[in-house]
Amino acid sequence: MRVGVLTGGGDCPGLNAVIRAIVRKGVQSYGYGFTGFRDGWRGPLEGYSMPLDVPSVRGILPRGGTILGSSRTNPLTLDGGVRRIRENLAKDEIDALIAIGGEDTLGVASRLWGEYGIRCVGVPKTIDNDLSATDYTFGFDTAVNIATEAIDRLHTTAESHMRVLVVEVMGRHAGWIALHSGLAGGANVILIPEQRFDTAQVCAWVESRFQVRYAPIVVVAEGAVPRDGELVLKDGSRDAFGHVRLSGVGEWLAKEIERRTGKEARTTVLGHIQRGGTPSAFDRWLATRFGLHAVDAVRDGDWGTMVALRGTDIVRVPLDTATAKLKTVSPAEYAEAEVLFG
Amino acid sequence: MRVGVLTGGGDCPGLNAVIRAIVRKGVQSYGYGFTGFRDGWRGPLEGYSMPLDVPSVRGILPRGGTILGSSRTNPLTLDGGVRRIRENLAKDEIDALIAIGGEDTLGVASRLWGEYGIRCVGVPKTIDNDLSATDYTFGFDTAVNIATEAIDRLHTTAESHMRVLVVEVMGRHAGWIALHSGLAGGANVILIPEQRFDTAQVCAWVESRFQVRYAPIVVVAEGAVPRDGELVLKDGSRDAFGHVRLSGVGEWLAKEIERRTGKEARTTVLGHIQRGGTPSAFDRWLATRFGLHAVDAVRDGDWGTMVALRGTDIVRVPLDTATAKLKTVSPAEYAEAEVLFG
Amino acid sequence: MRVGVLTGGGDCPGLNAVIRAIVRKGVQSYGYGFTGFRDGWRGPLEGYSMPLDVPSVRGILPRGGTILGSSRTNPLTLDGGVRRIRENLAKDEIDALIAIGGEDTLGVASRLWGEYGIRCVGVPKTIDNDLSATDYTFGFDTAVNIATEAIDRLHTTAESHMRVLVVEVMGRHAGWIALHSGLAGGANVILIPEQRFDTAQVCAWVESRFQVRYAPIVVVAEGAVPRDGELVLKDGSRDAFGHVRLSGVGEWLAKEIERRTGKEARTTVLGHIQRGGTPSAFDRWLATRFGLHAVDAVRDGDWGTMVALRGTDIVRVPLDTATAKLKTVSPAEYAEAEVLFG
Amino acid sequence: MRVGVLTGGGDCPGLNAVIRAIVRKGVQSYGYGFTGFRDGWRGPLEGYSMPLDVPSVRGILPRGGTILGSSRTNPLTLDGGVRRIRENLAKDEIDALIAIGGEDTLGVASRLWGEYGIRCVGVPKTIDNDLSATDYTFGFDTAVNIATEAIDRLHTTAESHMRVLVVEVMGRHAGWIALHSGLAGGANVILIPEQRFDTAQVCAWVESRFQVRYAPIVVVAEGAVPRDGELVLKDGSRDAFGHVRLSGVGEWLAKEIERRTGKEARTTVLGHIQRGGTPSAFDRWLATRFGLHAVDAVRDGDWGTMVALRGTDIVRVPLDTATAKLKTVSPAEYAEAEVLFG
């Protein structure tokens, strides 16, 4: 049995740990051979590959990024995409594929198996932790730790200057990173994409914090949107009201807070440092287990499934349902945190 | 309503986060008053307490240890212990207690409610993660991160000198810290209390690592025991065979490996640094949620229960069953990891 | 003897360590009393103070920020400023002041002693490390460590996506943070305020990095300026050419690199996380020694001096010359690093 | 010009950074070729080498250990050692050697040049920072940071249980790691090899700490010795008084403190984690500069010298005098710290 492995979408701490576990177990327990496809679906599409054996995965467990490279190439939108994949798999005598990626990457895997019979198994990857089929995805814990450490650091600056500090974290559609790092970092306000925020309420929390002579930290997910309807667009395009917005929501909010409360406010946009570097212990453990179980799914011929975490168990779920629904922060979960605001 | 709070047993990163969440939510949502009892059950036993309000819990979220102090005092083994607790609660007009602790501390809470009608709610705490009623306890993730970082550091020393490095981590009865940090740190052998180890097999793994010109890391839980029946006693007392052992299992194993393989071997005993200092983001999040839900259990009059994590939900379980069974590493879980040894 | 202590200017990891050392040694070795003035020079100006004794400095050594607060108030620019300071010192029977701060704060101390006979001793503080009188200032090492860790994290993202990553670090007038973190992080290009950069040369280095199939990291100090004369203004005001610039140099540079090389480029602006949080060991050691020696300068009546690091010794230098000259990166020091670019 | 590079003695974070800088600058600025000799002086002695070019040093900057391996082999104590080195250098057409190491490794380099005319340049390496010719050596700052972080973690455990915690750090002959990490970590007692300690005085400091209701941390260098003349021997051999000691000084001291004060005391021996893993930013910067300047010394034909840090400058000093004198903590430096004890 020869198995192709690929990683797609944005990079995420733990990808290398998955690759290593797949190869170590596949070779030692089942005698499989492996081919590494480069740059996501571009690899099997263009026959762009690299050897993948036990020596080539030594030392990669603690390293961020992916030795296979990544891309957002979608073969299903290209003429003859499926045919070219099939040819390249045949040429290298690849029997099955393990695709590690998010909604898009796994969506391709799901259709390649479901519609074209190409044998695929999936490993879910989303740093935003927004897949409903799994309790956690790897990379999320690392991102939350990095954001929390940043919030820890900002507290002392806020206090020393009695300033508002707004921290913009990742999360376009789901507020998990904001919610977890905000709770862990003792933020005084947490704003998420799932609930449009009321700027006046944010300012009230900010002022209540100053009343006890502390300075507030506001954590805001990049996808959070103010309730009054103004869209905040990073790219300078016009919003629904015809205004040009030149900054992200963090910078916009800091200015609004300054304008409304008269307190100095500053923004920090954490950006890419949230998704790079060495994975946390939890993410390495989860990624390693995902890899071990993905190889078992191949051995069992359990095509069209992906591995997932439920409690402390790794289970398998159908790829098509697994990626169907975004897991977002529920009103109850947000309300639980809101008690600690101000 | 006035609620007493106490922390018992060994210290654990996240205790302060629990206390803070209890007080913040209790005061703001329900208007409760709080009394902090000092040094575990010694506090209500001797009427040794401190005020506990919102200002007194400011800034404690990221700090390790417990502002309430801790002890292993067991009031049920003392003459008139229950009577004295009852008197001290009455004197301070305490309506209920939240006890944060491990098996022993919660066992007292369980009996105080079950046998004496003293209203108690529990929050589980064990750095070893060995309670069967909850997926995780806070403190564990921090300990695993610290041990993993130590293993990361030791890899480079092992390689540079082509030495065996044995790392002894916490875990007297359960191997969770060894298993998780060993997997996350890429250890070449992981030894746990649940399965007596075969020193010859350990040496075989060690030698197979040298054959690919890398140097091995062996992670061993302090409670791990060799299969051939020799007991390893730290305190210098005699084992079943009448031998005096002067070292922990880590040091013993390093000497055995040296003797049998001829390779240099060194031991590092991580000790107390695993349980101190600032909690990881996961532990702060879990501890905070435990605290928030413990106050809800008080409000609901759900006496004799403790909070627990199931998947991503916080649930309540009866105190008496919750602490009844130790959660240990199953043979299947160990076998999953064993694939990566050598 | 009663001594007033104040901290001025931007916050900096290590300020609390200085305060603690001053108080611990002053009380224990010399029997001094201390008064903490709040918010820099605003404190003695408005008689805004707090008690400062041994218990009040317990536990602050590892904490960022300053328990005394800070401000940029300059009493010399205010009517009757010096008179009000003199009155407030007399009222509280303060015999001398220890001012901890940068160029501005120490410049005031220098003139208060030199022109008005108010007894002052200084402790230098600049996170940018740009004071010529001392080898290092505390806070700098912490900032460099944080920036280096961020660069480490960004490397893996750069590689995985074959993107250029531009990291903007602190440094308006001096490139020390960029130079040290760039060298330590293995950046492929380092740009500093002291030398206008040639965007074409930057692009050449970027492309040479891609030629060996790695992705480049460009570290740029916030005060770096392109050679072709375009000013980069954060605040949206017009530059010398009448253009509006909407971003910092980091964002500007990423866009230029994209435009010229056709490679994807992203920016990360580290901002305030560089100056907050717990100080590195070096900064705690240096800050503690500065504090211990500042108290000795008070005991010796060595007014108008500040402490400074020379090699491994703490020396005293006159305040007026100490703050006269900015320490910037010399062409030779930059050339030394340039060898590693590309 | 072909240059051989070797690393000798104990491993130390920053060795790889030196190697990388040597190769990058040597190749790019001077067109040199390099040969990596393996395992210290064993490499040129046995002709055991590996290729060393720009691709082979990519990515090693942040990694601890040494890609060249290390040993304590001393060719001058072996029959024909110098002759064999000369032959192996001739065979590979090596014109000069850069030796990176401590007293022993550099002592060999010094004699090879001085007595045998073999062209050598040195880079000093000692994690203990005990070379008098240089202000700092790389590796030391990393070790101090690791020890300080451990002390930070132990504070919370000490407080929670009102226990004495004894931390044993590296330092057989010099107390620099103990002194710096003790000051940075806010230790209540620091004991170094340079000054025999008085156990009664240690207990007095310990008790004074408990009197203000805090728990003490005692940092002790592994080479510290009690004043009353009892030797503490790790290996179980007999001391001058004929007693067998079964533990290091840390464990001995904890027991003595328990016995004399009646307070619980625990020991943590940091051991190898102090010398492994990724170097701090300072150490990467210093190691890189050492490497760059060592290549310049080769270009200048400045044989028999080593690079050294003086203030912020890299200078060259004769190898023979450089390693002649151990740099130890002076009584004045220790007294400066002692003010903060208790």
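Here are some notes:
As written, the chain order gives the labels A, B, C and D, with residue 1 at the start of each chain.
One rule holds in what follows: a residue touches a chain if its C-beta (ideal position, glycine included) is under 8 Å from a C-beta of that chain, and two chains touch if they have at least 3 such contacts.
Here the structure is a predicted model, which means the values were calculated and not measured.
In terms of the stated touch criterion, chain A and chain C have no partners in common. Relative to the C-alpha centre of chain A, the farthest chain centre belongs to D. The geometric centre of chain B is 34 Å away from that of chain D, both derived from CA atoms.
Chain centres here are Cα averages; for chain A and chain D they lie 41 Å apart.
Each chain gets one centre point, the mean of its Cα atoms, and the points for chain C and chain D are 30 Å apart. Counting partner chains per residue, chain C has residues 152 touching two or more of them. Those residues of chain A that touch chain C in the shared complex are 10-11, 13, 15, 63-66, 69-71, 146, 149-150, 152-157, 159-162, 165, 246, 266-273, 275-277.
Contact residues on chain B toward chain A in their complex (touch as defined above): 21, 24-25, 28-29, 55, 58, 61-62, 135-136, 141, 144-145, 147-148, 152, 180-181, 183-186, 212, 214, 278, 280-282, 284-285, 288-289, 292, 310-312, 336, 339-340.
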